[in-house]
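By written order: A, B, C and D. Residues from 1 in each chain.
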Amino acid sequence: MINTGIIGYGYWGPNILRNFYANEEINVKFVCDFATDRLALLKKNYPGITGTVNPDDILNNPEIDLVAIITPVFTHYELAKKALENGKHVFVEKPFTSTSQQAEELISLAEKKKRLIMIDHTFLFTGSVRKMKELIDNGSIGNLYYYDSVRINLGLFQHDVDVVWDLAAHDISIMNYLIPHKKPISINAYGADHFDRGLANIAYLFVKFDDHFIAHFHCNWLSPVKLRKTLVAGDKKMLVWDDLEESDKIKLFDKGVEVSTKEDIYSLLIKYRSGEMTTPLLENIEALKEETQYMVNCLLSDNLHPINDGKAGLDVVRILEASSKSIKHNGIEIKL
Amino acid sequence: MINTGIIGYGYWGPNILRNFYANEEINVKFVCDFATDRLALLKKNYPGITGTVNPDDILNNPEIDLVAIITPVFTHYELAKKALENGKHVFVEKPFTSTSQQAEELISLAEKKKRLIMIDHTFLFTGSVRKMKELIDNGSIGNLYYYDSVRINLGLFQHDVDVVWDLAAHDISIMNYLIPHKKPISINAYGADHFDRGLANIAYLFVKFDDHFIAHFHCNWLSPVKLRKTLVAGDKKMLVWDDLEESDKIKLFDKGVEVSTKEDIYSLLIKYRSGEMTTPLLENIEALKEETQYMVNCLLSDNLHPINDGKAGLDVVRILEASSKSIKHNGIEIKL
Amino acid sequence: MINTGIIGYGYWGPNILRNFYANEEINVKFVCDFATDRLALLKKNYPGITGTVNPDDILNNPEIDLVAIITPVFTHYELAKKALENGKHVFVEKPFTSTSQQAEELISLAEKKKRLIMIDHTFLFTGSVRKMKELIDNGSIGNLYYYDSVRINLGLFQHDVDVVWDLAAHDISIMNYLIPHKKPISINAYGADHFDRGLANIAYLFVKFDDHFIAHFHCNWLSPVKLRKTLVAGDKKMLVWDDLEESDKIKLFDKGVEVSTKEDIYSLLIKYRSGEMTTPLLENIEALKEETQYMVNCLLSDNLHPINDGKAGLDVVRILEASSKSIKHNGIEIKL
Amino acid sequence: MINTGIIGYGYWGPNILRNFYANEEINVKFVCDFATDRLALLKKNYPGITGTVNPDDILNNPEIDLVAIITPVFTHYELAKKALENGKHVFVEKPFTSTSQQAEELISLAEKKKRLIMIDHTFLFTGSVRKMKELIDNGSIGNLYYYDSVRINLGLFQHDVDVVWDLAAHDISIMNYLIPHKKPISINAYGADHFDRGLANIAYLFVKFDDHFIAHFHCNWLSPVKLRKTLVAGDKKMLVWDDLEESDKIKLFDKGVEVSTKEDIYSLLIKYRSGEMTTPLLENIEALKEETQYMVNCLLSDNLHPINDGKAGLDVVRILEASSKSIKHNGIEIKL
């Protein structure tokens, strides 16, 4: 049994607890939150779990093997550092840390202590992302042209992070997972801070790679409509992932262009090709449950490099960090 | 009667001819095209109109009052110049010219000659754009936050212009018309030229204004799905224009955010507000027919400054020109 | 506190339990199910509640005030009868009973015993149905023309009831609630039993009323697509309720026909009228939570005639009964 | 060349003329209409065609080979009869005739005169219907369970026919074409005539066949939303045809049920099966152009039994006739 403490029982914490609780290898012993009404709720729903307002009850407890940190991002570094120093594995809500330097430090520490860092990149464990991974890896899509993501809605204005850290964090972790061999080289990002808070509420990110491939992200807290749509186009097929569809979230199009060259070089001919569309059947899984089981498997098998390890978390933070910097400096190119 | 010659009878020319022909004040006397099979088609469908392969039959003909130039963009300047010099009014397919300098020259020439330049910004005459104009002008939307447009599909790769000149030209003419008092100050644009043609086939344009307002355009010839969607958000209401909807193209959302400040400045509170959605009834008009009649009215009333005059054409060309330049220079900011 | 026992902890029972448990006036003391693995699950999630395989532990227990019967329909009558005889209130899953005679008997018994019968017509407590009720009651829709409902999907073939009892039961309870003053007079129903089970898996119900108003229901377990769509048309407005929409479930159309009569009777002129569409804001409520609180309020105030009382249950059963009979007799008209 | 006269130049006539005119084997010599403003329009658009208010100019003209009858249904019989008697082929707008007796008489007459009757069942020549025909004929769908069609909108109230003759006529001609080996045996139809015109404006048709297969049609002039949706379900696959989709009009679902029988007969097990969805590529054709060419081919090859011959027209009229009768008699079953 993996003895576990969860720090943070706000919006997302109850989902983590529900899934950890249901897993047969995990024994949740403590939940920590500063808010006493949250602890009262915990007591009602899980009378067998000890609530506490003091994270040290978890961090310093020698019985605890794993600490789940489900708190605002600015607190991740301190909590994770202390947990790792005390020899505990950590499961950290995304984004991993506030800066890439913090992330690097935690990765080193975990390596030294031979402990696991796992970032809660939940989307990697959905049927949709798994299917896209499969379609890209088995060559169905072919050579990739671009990745275009729109994640917009009328959203809660976060107090501590801009819209990129809130919304694009998802899509960047997904893209990085789908195309590990593509190397992003720079970021240009634009945004607007309509309420003079010092934090953009709408942003457009452009990511340049070391080949013709490009990526673009639109994230927005001020949209009247909710959209969750990603296009991935290659020279063989193109796909659209619409996460708001109840079924048929992925549409795979046998569409593209055909390039033919006549004798002289100026006669490049490009015609489009239009074939069937298919909606591949997706695994019907609960992402958080899968992720929990995957973490358990990593822990039990001493695999300290899961697909969502500290490095994966760092790669996301680097792009987020560069984006916020580019936005603040009027869209200048930030090398990665 | 306005004696008219049309130069160019390819993809779009027949639509112009059909509408000019149906207008009671216009007498189409000549149609010019280099392709003899197009002239044969003309002869079959409009036996009363003279076909010619020589544009000078129109440009030099003293009987002709108006020349419609429905040819590739790189030919517009020469044809329009000669027409204006010969004292004719011109109706020019969009984009107006290949460079802003050409556009400026033609505008001067038209002023000197007291002749009308009218650019075929057809969308300005649709029920959708008219309704958006009304909603912005009467204050329903309030102070504007942003303009976001997506115009993507699997499209014909043009041989002479990049995707911005083909697709974004529409949206820029629409935006300029809707918000004449906002002043764009610079462009950053990114694109990819996946086939090494020297012309981007996917592009993202970011337009900065002299206030908090921003605009963004995504145009793409390599999308498996066709999208024509524009968001316009203000502090009172937000609208979505989806031009692919059969009815209800415009959705007006009584949604937004409410900003309240507590005593100290760090406590800026932003909550969202969610109300009804309405789809305003749109005028059921054929845009090209309206545009034709509007041109006739301008000519008959000696109004040489229609909403789609040379200046409107120039304003679009300036942004297109800056976009192509920014794309070629890796996204650097181009001042307008 | 209302001491409560729940009989049936299968598919729907856990939802009832979760809502009863969360209500401050309800004290769930027992849950009964024949399946021991269900009782094990109960024990894990609600260690404080006693599980039992014997319904008499609830039905005969003098401490119990309310019995919730969340079992297959053929068991409702016996369980509810015993509960009422023992002086308990009953909350019964829909459809109320297998026959209208059973329903009538239970209603009489409840009246005699001065106990409440409440049928789990959950939809009556949704924001959508409440809004439709409001729009009909306040005259927005005007005089009603028809009610048309489609509830189809690839569904579980029930072993004991046909598709009408499974799917149309929802829509009939909704319609009855929305238009209490309309009197249905007969049913014609058609169906097919493609697998010779003696139970239709697709059915069409036509309900005649004592005026021009008509109603039609399409229910189907063999549809490749899931649809939940209801049209309600009146002479002032028409509405569409699409329960699968994430937001904007109700669309209210200012559309209809205008009838004008010229002098002679043969010249009835009917033109259509097309105005704006609005999506009214719906209450953001959890139906089962509302229903639970409503039940509590009825019990605490001694209101034995809630909107979903035994009579409401009986009215649904009568139409279901007539439908199954009509289907079996080849569509003959069954008077109500 | 097939010398042709067209009778009727109202709503649909111009489409017929445009397609006939564009066909190289057809020579349209006359167009007849009672309305002189329609003839003026003809003269403007087709100066080479003779307009007339007298149908006999066509019917009695020995030069004419083919008469197209694009007039209200109650006039079809007299016009077609005279044309056939005078040895002309006829192309008749759907529905073929007002009664099945008239249709039978015209079919006999055409056989005697060795002339072609072709009914304008335009939908048979669309890419969608051709694809559905292919999928049914090649066994992709398997044994058919049902055909369900919805064709509703806010429509023009016709003065001479009920909604069934206006809207369901399309769907019945399509269904008959798709499943020629299925034999319909009776009709029950329900409707409402909300304005006391003696003609239903909303109707539901149920068609029984000589096996488990069933068909149902919902047609409605009083719907706030426009729907054109057909479901065809078989034991192998199921399809949805949504004619309002811009692309992907046909969705083919690898969905269905699996039936397994345990030892004893009461244990019939039905589970659902859910696989991929595909949108087959459709021929990109203009139906009326295809239909025109098909008619020309039939005429030039002396094929007097095209897929849309008099018999096909009669089969539709029989179901329409039975439907109207059933509606008037309160839904009684009308044997075919």
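Following the convention adopted for this analysis, a residue touches a chain if its C-beta (ideal position, glycine included) is under 8 Å from a C-beta of that chain, and two chains touch if they have at least 3 such contacts.
It should be emphasised that the depicted structure is a prediction, and the values quoted were computed from it without experimental measurement.
Within the contact network of the assembly, the step distance from chain A to chain D comes to 1.
Two chain pairs are in question, B-D and B-C; the one with more C-beta pairs in contact is B-C. Look at the CA centroids: the one farthest from the centroid of chain C belongs to B.
Averaging C-alpha coordinates per chain places the centre of chain B 41 Å away from that of chain D. Centroids of chain B and chain C (each the mean of its C-alpha atoms) stand 53 Å apart.
Each of the following residues of chain C touches two or more other chains: 274, 277.
Interface of chain B with chain A (complex): residues 145-146, 148, 154-157, 188, 190-195, 197, 202, 204, 206, 208, 212-214, 216, 218, 220, 222-225, 231, 233, 238-240, 251, 253, 255-257, 259, 268, 270, 272, 274, 277, 330-331, 333. Chain D makes touch with chain B in their complex at residues 47-48, 226, 244, 246-247. Contact residues on chain B toward chain C in their complex (touch as defined above): 248, 274-281.
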